[in-house]
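Note that the chains take the letters A, B, C, D, E, F and G in the order they are written out, and that residue 1 is the start of every chain.
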Amino acid sequence: MNVNQLIELMAALLILVGAIVSVISAFGMIRLPDVYTRSHAATKSATLSVLLCLFGGFVYFWIHDGYVSIRLILGIIFVFITAPVAGHLVCRAAYRSRVPLAEGSGDDALNEILFGEENIQVKEEVEATLKEIK
Amino acid sequence: MIDLILKTALVLFMLAIALSLYRVIKGPSLPDRAIALDTIGVNLISAIAIVSIVLNTKAFLEAILILGILAFIGTIAFSKYIERGVIVERKSAD
Amino acid sequence: MNNIIVLPLIVPIITATLLVFLNNNIKLQRIVSLVTMVFVACISVVLLQLIQNEGILRLDFSGWMPPFGILFVADSFSVLLVLAASIVTAICLIYAFSTIGERHEKMYFYPFVLFLIAGVNGSFLTGDIFNLFVCFEVMLLASYVLIALGGGKIQLRESIKYVLINVVASWMFLVALAYLYGTLKTLNMAHIAQRVAEAGQDPLLTVVSLTFLVVFGLKAGLLLFFWLPGSYSVPPTAVQALFAALLTKVGMYALFRTFMLMFPLQPEITHTIIGVMAGITIIAGCMGALAGRDVRTIATYNVIISVGFILVALAIGTESAMAGAVYYLVHDILGKAFLFLLIGTMVLVTGEIVVKNMNGLIRIYPLFGWLFFIMMCALVGIPPLSGFIGKVLIGQGAVETESYVLLALAFGSSIIVMYSLLRIFLASFFGETSINEEDKMPIPRSVMASFVLLAIFIIGLGVGAEGLAVYVNDAAYTLSNPSVYIDAILNTNK
Amino acid sequence: MIVVLSIVLPFLAAALIPFIYSRFKKVHLGWFVLVVPVVLFSILATYIPRVANGEVFVKTFEWIPSFGINITTYLDGLSMIFSLLITGVGSLVILYSIFYLSTKESLHHFYCYLLLFMGAMLGVVLSDNLMVLYVFWELTSVSSFLLIAFWHHRKASRAGARKAMTITVSGGVAMLAGFLMLYVASGTFSIREIVANLDVVQSSAYFVPAMCLVLLGAFTKSAQFPFHIWLPDAMEAPTPVSAYLHSATMVKAGIYLVARTTPIFGGHEVWFWAVSGVGLLTLFWGSFNAVKQFDLKALLAYSTISQLGLIMCLFGLGSAALHSGYSTESVIYTQATFAALFHLINHSTFKGALFMMVGIVDHEVGTRDIRRLGGLMSLMPFTFTIAVIGSASMAGLPPFNGFLSKEMFFTATLKITELDLFSLNSIGVLFPIIAWVASIFTFIYCVIIVMRTFFGKIQPDRLEKPPHEAPFGMLISPYILIAFVVGIFIFPNVLGHYILSPAMASIYPMFPSVEDMTPHIAAWHGYINTELIMTAGVILLGVLLYRVLKKWRPIYQLIPPSFTLNALYERVITSSENVSGRATNRYMNGNLTYYFVYIYVFFVALLAGYMIYADAFSWNPSKDSVIEPYELVLVFVMIMAAVAIIFAKQRITVVLLNGVLGYSVAFFFVVFRAPDLALTQLVVESVTTALFLLSFKYLPKLKNEYISKSWRFAKITISIAVGATVTLIGLAVMNYDRFEPISKYFEDSYNLAGGQNIVNTILGDFRAFDTMLEVVVLFIAGLGIYTLIKLKAKKGDADVESK
Amino acid sequence: MLGQFIINLFIATLWFLLKDDPTADFTTFMSGFLVGTLILYAMHRFFGTQFYLRRVLKIIKLILLFIRELLSSSISVLKHVLDPQLKITPGIFTYETKLRGDYQVTTLALLLTLTPGSVVMEVSEDNSTFYIHAMDIEESKETVIRSIGKFERAILEVTQ
Amino acid sequence: MKVNDVILKSVVRGVVFIVFTLGMYLFFAGHNAPGGGFIGGLVLGSGIVLLYLTYDIETVHKGMPFDFKKVAAIGVLLATGSAIASIFFDVPFLTQADGYFDLPLLGEKHLSTVTIFEAGVALTVVGTLVTIILNISEDE
Amino acid sequence: MESLMIVLVGILVAVATYLILSRSVIRVIVGTAILSHAVHLLLLTVGGLKKGSVPLLGQAAAPFTDALPQALILTAIVISFAVTAFLLVLAYRMYLMNGTDDLEELGGSSDE
């Protein structure tokens, strides 16, 4: 086994690690309690897995064929930049479309700011009804 | 050896896709599904990369890039749909 | 190399695209579209003559020899249909000039019509089965737009049904193509025919051909005509007429090519099935026409009857039946357009569609009434109008093959056609008139012009049947001798 | 040439009518029209001697020679009779009509139709080519339709016209089929050529079917039982039309056809029984029903039916001569034919006169109802004379021509029983009996015509107008006819020699001479024969029965109105309309889902059915490529996604899952080495998904579809069946490897088309045409979407167009 | 910085053309680029600015930071996922930043999103406040606040 | 609180150039590698769609003031025009002219009218795609 | 693999059929979309799977996989896209006009 083959093997292993990360994060998608926590799994581990994989591929082609794939590099950069944006956008959308946080969540600094007025309204209504009942 | 590793990796990625599919089907919320679909897209990118190695061809490398772009565009579209009901806005909507 | 063959397709496409830039200049749009159609009709005449002199013509696109490239094939059958289609489109355009309305005209009405005819002509001319699919789609997309254009409630409701059924049919077409390529590994129709002959059309190939039967049956309205009555009665009259004249014809054309050229070797299976389907189609069409209480329903079921009638000829499959089918196809293209234009105008001037609510139209519009009468006689096949010779030849074919049931159904159907149209004529044109001379809505001159043109063609086709005979005979000969076609495509080196 | 002129002239004149009509408003249009038949009659008359000498006049013009359809005119004895009738009676009718129809009527239409009809009739009797004959045959139907519907503001006119057209055109269609069989059997449309090569036709399997179909045409046109029902309703036409079409000409077209085709079919047992049997039945049924009529015209209509039956019956009897061939015993039959031809002419004369008489009564009094008529004898003596002579002739009384032909009819029926042909010796006796009974009824209705109209008490308060004699002009035509009625009785053999014998020669063309086959007509044979006794019986019983008519009239009520043929016809029509309506509405219910079900069921039944029937299925996975585990997982993913779509409750889930499928497909494109496809699929799938999202703004959310268990089961069954069918055929197709794909050729794409991407060279070069059109498709869709969105139906649009 | 880069590209192109080698390819160009870099380094004082590759170095440093964050955050997520007890308390907290420029804010947001256990959900209209969702709020708050200064500094270095 | 799209907009501003470049690359690469007019057009169109997603209709329209219907029509005309041109050279319809040309600076290059054809395809795709998406978005 | 693909195609077709038989127009449209996926896979499969290399001359050695079905599918994909786009717009316009997208509620034989 020469150096090249060794590097190729390393690349393959890199890909395998990526695959394992991917499965775990997919598992996270199922296991985690709400959309926000799941988005963590998606934007971080899944991104990592694809980056590992693409990097592995890049290395493989470089070593195996002497081929420097600009496309793969671009792909890596692209995923790297866009994955967090995607996570941000989906979370924001989820929150604004009133997808609740999982039970047992801690502070919610956004609630007051986004839905403050509505919350007050709701509260007043509840109190009003309570009064009526009394 | 390498082939075996790669194919194992492929199976794992497919497994990840299957798991994400579960989330797409199950939901429960729209953003859940959007994220899951995005994940499927991202996993497909990896899968295509591996297939390229297995088939020893560079023909699919564009597909990787395109898929990255599309997954991104798709996620934007979905999150806008979820958030605002429309995905392309007019200025007056601001 | 015969670049002229592609003109019936490419000229409408290019002018249609150019008209997109002229959408506010209505006058120019009208002139250009009409000139285009007249030009195409002239080209077809030239082509017919060329075929007489040189035999079947073909144009290998980009110069790729068959079976590898796509090619257009002009034989008398296809060119006759192109000619009829172009004439009828020109006439429908004339009708549309004064009826379709400025809003439609500015919304690319003429380009869509031109695209439609391009698709239709392409379907008639192509020698490649996948290209046939693509031409179908050009035609269908244009028809989707035309049927829904500017639609209200009911128009859109029927449009979506039409589109959905056709989309499913298109996918079935692709399934059939997949099977075809999976077995014969080629797309050139002549090459398919050759390979089928080589393989002796074993059962699996017959299955493949039956898949096409379902597909084209749907398009032609053969047995699977459910989409037809609703969708043919909602768009503007000019569009209805175009649909009635052309859409089913393309499906029928494809059926003829499929079972006379590509898969002709198991007639006891395929042609029998077609015969049964055609018979049921005729019966169902007759029942619908009998039951119809409004002009549109009666007219649409008449379309269905004629589908059955023409495909009886295919089921019979003899040379005389082919000649009859060709005559009848040409006749039906003109006749059905005429029928729909006339009833559309009835609706236009009375604001009614129910037969019994219109009365005595002939007193106010004598010429209009008599043109209706002529059209009726032509559709019934009363000599010496256009339907006659086709009917006679198909009947002759039926007698030759002793297909008495089909003969009875086909000939019987013309009685129902007469009965149903006579009902319109007697109830709506005859009788006391309910419209005052003063309140009458004038029929625009271009509308009358389109009627008169159609009447001239219908009478001309009947009285001057001999004028077409040489082409029809050639078409029938090629249809019933597929080797002529195959040789022209594959065994010559032009 | 003259023959051609006879056909063309009426049409030409018809075409000129609008022109003349607008030019000469003051003169009654009829005077111009009259010229046509008079000229034609005169010219034809000059040909009589030459035709009588056995000359025939043939002229051929090519029409559609490619299919053997040529206009061959043919004038022989048979055509001559009919041509003379058409032009002769035509002249008289037009003359009559000039006084009958006022200039307020739309005369240009009337005469136009009448000339069309005349031309068509001449065409029928002068054509040798079966197809051309058919052309004119249908034209007579059409023009008679127009004439019947002349007063189309009347509902009854329209109904009568429709009935006549429906029945006669139907018969015509049957006849066309028969002609086609003759053509296929003989290879020619020429009647003469068919007759010249009879063996071919007679030995063909088409012979009997063709005969039956041709007879259907003849029977419907000649109002034979049970197709006679159109004729009484056709009396809605103006009386000149009735006199012309429904007594002298159109109804005799069927007779002509029978006579003309007798050389072909005659001699066959089926022909004999069909023609003579139907004729006899019609004779009886018509006369029987005529008696119960109150409307004079209806009475005459039934009488016409009956008389036509008589003629038909005689032709049937006469056809037997062709079976026995040229021999002395054939004389019996040939005499029947002779009688038929003779009565044909006689009937035209007296029936034409009677119709004109009724027209006069109707015109002057305003009614034709015998219950309101009576006592007109003194007020309308000239009209009365016509009625008496015409009726007497029709009743078969001397000294009128009807007597002669009636006697000959009796003779024929009596003789027929003597022979043991076509099992005539057993049931042949029915002929004279029925003939005699029918003659009694005939006598009765003739008496009714005269007595109820002209005798008895006049009832002025029940008439529309004060009765007075008709103007002179109106009487000319009937009197000319009456003159013939009498004249023929006096000089029957002139007619026999010049007119009837030549026609006999046409009917028996294979007989060397017809001279010895034609009888000498005599009013008195010098002895009292059975025929005379029968006539005496007819008169006696007839008078008696007329006297006690009130007593036995109730037998007509025995047949309830709903059981009459007319009612049956109406019922068939209405119930077929209703049944059709119900059936059609049931399956064409506007619900797209049903339509899809029909389509799918047909798809499965046809394809799977044939697969099983032909045992076309085969499956051999041994040549398959290996299945990688990851592919298996992906297949599983796709199946899960697909199935999940069915159960998805939210539309967005549906679309996302569809996206999953699309992406998976793209991945398969990668695995199966299709990079261009993968790229395209990815983008297109994403854009499609985006379009779904865009459209969701305007679309409703998914509802829970309530569906019944059985429907769900049906849906599942259909879906699985469709999927299974596609799979089965697909597997078999994969197994089929007889041919090399043509795509090997494209692998040389670099040298051929200068590109290394084979798919791209196919798209851009080898199959660039597809690509070009596909661009057009895309463009149409884009432009279409634009118009769909921009061109909206206006709110106020009632949209009649799409009601 | 851009000016220097363009000059560098110009030198590389010149090099490429001067070589006039029919087999010239990307490597030729790269060697030209390297030559240009050397020249520029030698001359960068004449421009009165930093040598541009120094900025590039800082960018690379930032990228490495990104990668490190990505790695550590992924590992933390994976840990959580694989933790059989799944003891987390998600929540949302705010963070005020000094950065204002669009690109600065964006970069910081991306960075924060990649920080273990946190996703930026909203940015206030004036770009001043981040609303951050944390997988485990106690743990994340600490990490974020600990590293945030470092991030801001790195970003500023690159953008100024 | 109003939505602040700063992150999205900043990223897209950069990303969209990658998309356009890729689109152009695919368009030109098609003859020898995956790509071609269709895919190129689709990717270019996707880039424009990305802009519409990120910004609003008016803003994008200001930057790209084309009537995309007409862009598509020009595309169709280019495709059909390059096809019909062959008629005037008396060669079969759709025959593409090509050859190897020695160009200054670029060296010997393979040039073909296929490129015009493909450009027509690409323009149609871009034009249609944007027309569709714009019009649906603008519908009321 | 070919057999497996054909079975997959069959399953997709069955699902598509089931959806096409739904009352909701959206489901029907998605049904047609799935049908198009199935058909594309079918076309690809009948060309033979994995029997050769990617049809790019420069990058691999012969034999190549059958490129013709690929070209056909490409055309089909584009047409499918065009049709689906049109269909969607038509569907929503129809819905806006008629107030329902339920094919059963829509009903309507042509002569009302």
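Keep this in mind: a residue touches a chain if its C-beta (ideal position, glycine included) is under 8 Å from a C-beta of that chain, and two chains touch if they have at least 3 such contacts.
It should be emphasised that the depicted structure is a prediction, and the values quoted were computed from it without experimental measurement.
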- Which other chains touch chain C while also touching chain F? D, G
- Query: Taking mean CA positions as centres, which chain lies farthest from chain F?
  - Reply: D
- Query: Counting C-beta pairs in contact, does F-G beat B-D or the other way around?
  - Reply: B-D
- Message: Rounded to a whole Å, what is the gap between the Cα centroids of chain E and chain F?
- Response: 32
- Query: What whole-Å value do you get for the distance between chain B and chain G if each is reduced to the mean of its CA atoms?
  - Reply: 21
- Item | chain A and chain B: spacing of chain centres that average the CA atoms, whole Å | 12
- Query: At what distance in angstrom does the C-alpha mean of chain D lie from that of chain A?
  - Reply: 79
- Query: Among the residues of chain F, which are close enough to touch at least two other chains?
  - Reply: 1, 3, 7-8, 11, 15, 18, 22, 26, 32-35, 38, 43, 46, 49, 69, 73, 76, 80, 83, 94, 96, 128, 132-133, 136-138
- Query: When you check chain E against every other chain, which residues touch at least two of them?
  - Reply: 109-110, 120, 122
- Task: Would you mind listing the residues of chain D that make contact with two or more other chains?
- Result: 585, 588, 590, 592, 596, 671, 673, 675-676, 678-680, 683-684, 686-687, 690-691, 694-695, 698, 726, 730, 733-734, 741-743, 746, 756-757, 763, 765, 767-771, 774, 776-785, 788-790, 792-793, 803
- Task: Using the contact rule from the top, write out all pairs of chains that touch.
- Result: A-B, A-E, A-F, B-D, B-F, B-G, C-D, C-F, C-G, D-F, D-G, E-F, F-G
- Query: Tell me, which parts of chain E touch chain A in their complex?
  - Reply: 26, 66, 70-71, 73-74, 77-78, 80-82, 86, 88-94, 109-110, 113-114, 117, 119-122, 131, 133, 135, 137-138
- Query: Tell me, which parts of chain A touch chain F in their complex?
  - Reply: 74, 78, 81-82, 85, 88-89, 92, 96, 113-114
- Note on the structure: Interface with chain D, chain B side, in the complex: residues 7, 10-11, 13-15, 17-18, 21, 24-25, 27, 30, 33-34, 37, 40-41, 44, 47-48, 51-52, 55, 57, 59-60, 62-63, 66-67, 70, 73-74, 77-78, 81, 85-88
- Query: Quick one: in the complex, what on chain C touches chain G?
  - Reply: 130, 134, 137, 141, 144-145, 148, 151-154, 156-161, 163-164, 167-168, 170-171, 174-175, 177-179, 181-182, 187, 229-230, 233-234, 292-294, 296-297, 300, 353
- Message: Touching residues of chain B toward chain G in the complex: what are they?
- Response: 55-59
